[in-house]
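Below: a set of structures, written as structure tokens.
Next come two complexes built around subunit A: one with subunit B, the other with subunit C.
Now for the complex of A and B:
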């Protein structure tokens, strides 16, 4: 299947799931109130996160214009279509400049590049906006792989103890004893360099810490009175884990999801710097801007745009995550009322 | 005791000690609870009361285990029952209330949801019906304004209300036996009295038998029909409440009663039993109370006293008592 078709399917799935979730959540007074509370507490961050999501979705819906005879036309996303079709220069140009940075030749689109162009003449604003999709893909997909894995193994290890615990802990210790960057690079070498492969590799290295936290918390929770009380009522072990242990871990899951998310987006920047990142990511933009910092006069817009986009997303996600944890924790609700 | 609901015989529960030895914490205990009866199991901390209760419901924490004895509920042997069958017994036939209402409720579920869970656990009940029954239970255990409390989280409830919710949960599946392990220890004195009254009332209404575990003889006096006094893994005295509290035979029961604060003689220094309960690995070969007993005889050090039957279904394990009233 072609890349853009997969991307479309993915975007459609996300929109569908979001609509379904919204429909279900609207029915529940609890969630309506909690989500409203988040927007009240962190209005700007919520809007910013929504904007990033929107841009990423726009960049996910793509199609190829029918051009008979020319098979190799690239599919263009909605985001691409927001920019003129041939929005390129030959090389660097400063933001809103009318001429090229070196040489001073006239630009094809003078004064139209809001954030200038990079060495290949690509529009920096376009690149920075396109990076949102990659960042959300890395953060989201990797978390979706790593967190369920960490929860499942952590719960099993902590609750069952014994052999299971030994096995999981051995796995954790082994993974934790390898330098994660080396492991990441090695994994990507083995499984290839596509976006999904990088996410898989990041998942392998990032579930370890969270699994340890889940295991520790489960060890604590399984000794608590309400777990014994549930057992004395004849609740089955599986149900105890599902209804009494897991929900009491949920605040950890939310916090960890947010922290992992930010950390993953940042790790991708490091991977890009090492040359094994995902094409089109902010990390790659930063990597390409490395040499530009050494130039005189300095070319900062490329690096600046990528860093600002990265910073904005991570800050907003952290703020929303913080608010989410606050409103989901019954104990902080008590302080409000 | 032919009509016994719960019949425990020769229960021996032990934990591993040094050098592979098994240390019994419950040592050949016999107990019987009749239908609708309230039996109090009394003793100091560490004499095996709670372990007896946990043995009955098959929840002895590892590495402890039941080594011998039989536990029969309505004539059916519970020892060796498969895990799933035992799970159906717990809650449905024998329910338990714990000491700490503060931590015995799941903090992230509403009180109502937890009662509903207990109802639907052992019975197929529609959601609306379960909710209706939960609200009725709230009413029954004296929780004011049930619809509001139904949606409250545990931290929004007071200690007394939490214990009432715990009782509602325990009664949800209409068990025949309720084991209450120090149900009022963590509560204020005024709340204690209310909870005890509630338990006594509920037992009368529903015909539920109660096995009350406590160190507080005041609690015994309010709730129990019969009393069994436990010391160092053994039942040393048993009988009706009136007999045991008014005319205790065993010197340990005597000591417990004399160390109760009383309003009759305010200001008077309380009597105490010197020393502490010996740990299971330090049990003497003779009577286990001998080291702390004021009336110990020479024979007490040498030989453990047998169980001596007394009038009115009472029994005692004491050489001094056995000597004065031969069987």
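Now for the complex of A and C:
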């Protein structure tokens, strides 16, 4: 299947899931209240996260413009279509410049590149906005792999105990004792480069801590009275886990997802720096700027745009994450009451 | 009392720091006849039979000498006698074999070294004899040495067999393997193609006959490379890395104009004038490699390279070469601007400020600096895998037209401008300037951008508007690379976008270098980017890259395009062993015309080297090959010392400004602290 078709399907699935979640959450007074409180506590951060999500979605819906007898090489996304098709120059130009940075030749689009152009003459604003999709893909897809894995293994270890616990804990300890960046690079070298491969590699290294938390929480939950009562009444183990343990971990899942997300996006930036990142990411833009900062005169707009976009997303996600923890964590809830 | 002492110590530090200089060298050397050069990478080895990198050769070519050398000033490059009295001429034997007779100079001595005690107690040096050159060639064949040029030198009759005999003897008899190296070589038997005669008559030279199994005129260029530098067996036997001694890869004992005085390869290498060098001991010989040349190429006189003060003088001019390890280009450039290096490359980051448009900035020119531009003997190209079913020979005329169309879409000028600050010249054929067969006026009709023609060629190939009729979509091709860096990706993106203008969908397949090499070995690649820098200045060294028998997938050779055309191969065979005459030129033209149509490569550019030279450095001429050049350099040490002082006047105001700012910030803070405390 072609990349853009897969992207479209992925975007549709995300929208569908989000709609489903919103519909389900609307029915729950608890979640309605909590989400409302987050929006009240961090209005700007919430809007910023929504904006990034919107840009990423716009960049995920793409199609080819096939003319009769021609084949369009490139599928253009909605975001691409917000910019003119030939919106590029021959090479570097400074933000809002009318001439090329080197040589001083006139630009094809003078004064229209808000954040300048890169070495290939591509509009930096366009590139920076395009990075949002990659960042959200890394954060989202990796979390979708890592969190269920961490929950499954953490639950099994905590609830079943014994040999299962020993095995899972051995796995946790082994992975935790390896330098994560080295492990990441090694994995990518083995499974190859590409968005899915990088997400897989990140997932392998990022589930460990969460799994440990889930295991500890499950160890505590399985000894509680209502679990013992359910067991005494003959409820099956699977049903106990599904009905009595898992729901009590949901706040942890939400908080971990948000906090892991920003770490994952930063990890990709480090991977790009090491030459094994994903094409079109902010990390790659920053890596590209390595040489540009040493130029005389300096070229800072590429780095500035990517760093600002990365910083904006991470800060907003962290602020929303803090608010989430405040409104969902039973400890902080107790402190407030 | 303690406060007073602290204040005094602080004051002393401040005064000392203000009096400090940024001069990285001892003040005693200020007026010394020393050449200061940076090096970005430590030599991997000092073993001349093994070393193959530019950084190895930079040191080795000044410490060891080879039988032949290149004329310092003449272009195209011309061989001159080095350790021999004349450049040998080939002598054909009836059976197809060819003999070259090398007549070594008498009176050439190795630099003094304790290793010579192995040849007799108390000895610290000895004279070079023909068997030392034979020893060097034996080492090339020795599998334990691991010389990378064994295949080339296997053209010497019996050389490869000698290596095999040696390996068998070592394997069969551990006692043999424990023998001293010269004894091992002696017992392994003679090499049929190496016959020498040593005579004690000082008027007669040592003579070495080298017999090749077939004509190969390029062998002479190999005798101008460090691989053939004679080494004393005593040095190899003595420097074995045992009992606290260096390994031979870390200790050089040569006959060159310099010897190594200090070798801390990751920080500092010092070469000092070799007092035993034959050029210094026998200036009356006026040996070509030991005397500054009196003629060069056109324009050399105007550039001050044939100054009367230098012409005909005995070499070397400087007493010492101070090499400092500098990994990064920007500090080198900064120190060059401060006068602490005599030559520097221009880092690409500072290029536009230093040499915009290929001309030195007026500010730097006013400081007496000079800019030298040299086209490196190299060619960078995009290759097609000719055994690929889509772009290769199997698709016949269709793929030929596809390759031609793709060639017409690549703008080499723009590539150079965007990625290399214009440092290079667009390539029209595999041959770079400076080689026989390169013709400046030649324009390849498929190497200028013509998108209309490219589109019509694509249509004729059956890919109208880039559409593959088999899929109905844009023709998908793979650009394979082993470089995953973002910088490389940008370059490849430029190429991919050029082809996209034709409607072709070329995907960059970046893998690890090993995976890429494996692909190339298996012939699983389609398009690739590659470069070749000459080993020696002969067109054969470039044109063999497309010679059928050198196909990488079939034979493991360097022909990564797997180009195999009987017409080209026949022309190559006719060209490779000829001297540089009109017939050879005509053959090269015919080969070029064939490549023009077949397009196994899209020739991209020949890189150009920009070097900056200080006004006090004389006789510096850039070379496209790594050859011994420092013996020709001269410095005006007094001018350098004077300019260093003038260019490095301390700027003290920032120190005072920072101190003032500190006081302004500290005083209110301390005052507040004291007030609150009381």
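The rule we apply is simple: the second predicted complex is superposed on the first by the 308 of 337 C-alpha atoms of A that agree within 3 Å, B and C clash if a C-alpha of one lies under 4 Å from a C-alpha of the other, contacts with A are read in each partner's own complex, and residues count from 1 in each chain.
Everything below uses one rule, namely that a residue touches a chain if its C-beta (ideal position, glycine included) is under 8 Å from a C-beta of that chain, and two chains touch if they have at least 3 such contacts.
Worth saying up front: this structure is predicted, and the values here are computed from it rather than measured.
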(request) Identify the partner contact of A:226: answer first if only subunit B is touched, second if only subunit C is, both if each is, neither if none is. (result) first
(message) With both complexes overlaid on chain A, does A:235 touch subunit B (first), subunit C (second), both or neither?
(response) first
(request) May I ask you to decide whether A:60 touches subunit B, subunit C, both, or neither, giving the answer as first, second, both or neither? (result) neither
(request) Between subunit B and subunit C, point out the one touching more subunit A residues. (result) C
(message) Going by the contact rule set out at the top, does A:189 touch subunit B (first), subunit C (second), both, or neither?
(response) second
(request) Name, in rising order, each residue of subunit A that touches subunit C in their complex. (result) 69-74, 90-91, 102-103, 119-120, 189, 192-193, 272, 275-276, 279, 284, 287-288, 291, 294-297
(message) Can you tell me which positions in subunit B touch subunit A when the two form their complex?
(response) 57, 59, 87-92, 95-96, 98, 100, 103-109, 117-118, 121-122, 153, 155-156, 166, 169-170, 173
(message) Which residues of subunit A touch subunit B once you look at their complex with the stated criterion?
(response) 224-226, 228-236, 243-244, 247-248, 250, 330-331, 333-334
(request) Give every residue of subunit C touching subunit A within the complex, in rising order. (result) 330, 347-350, 352-353, 414, 417-419, 464-468, 472-474, 484-487, 489-490, 493-494, 497, 500, 503-505, 510-512
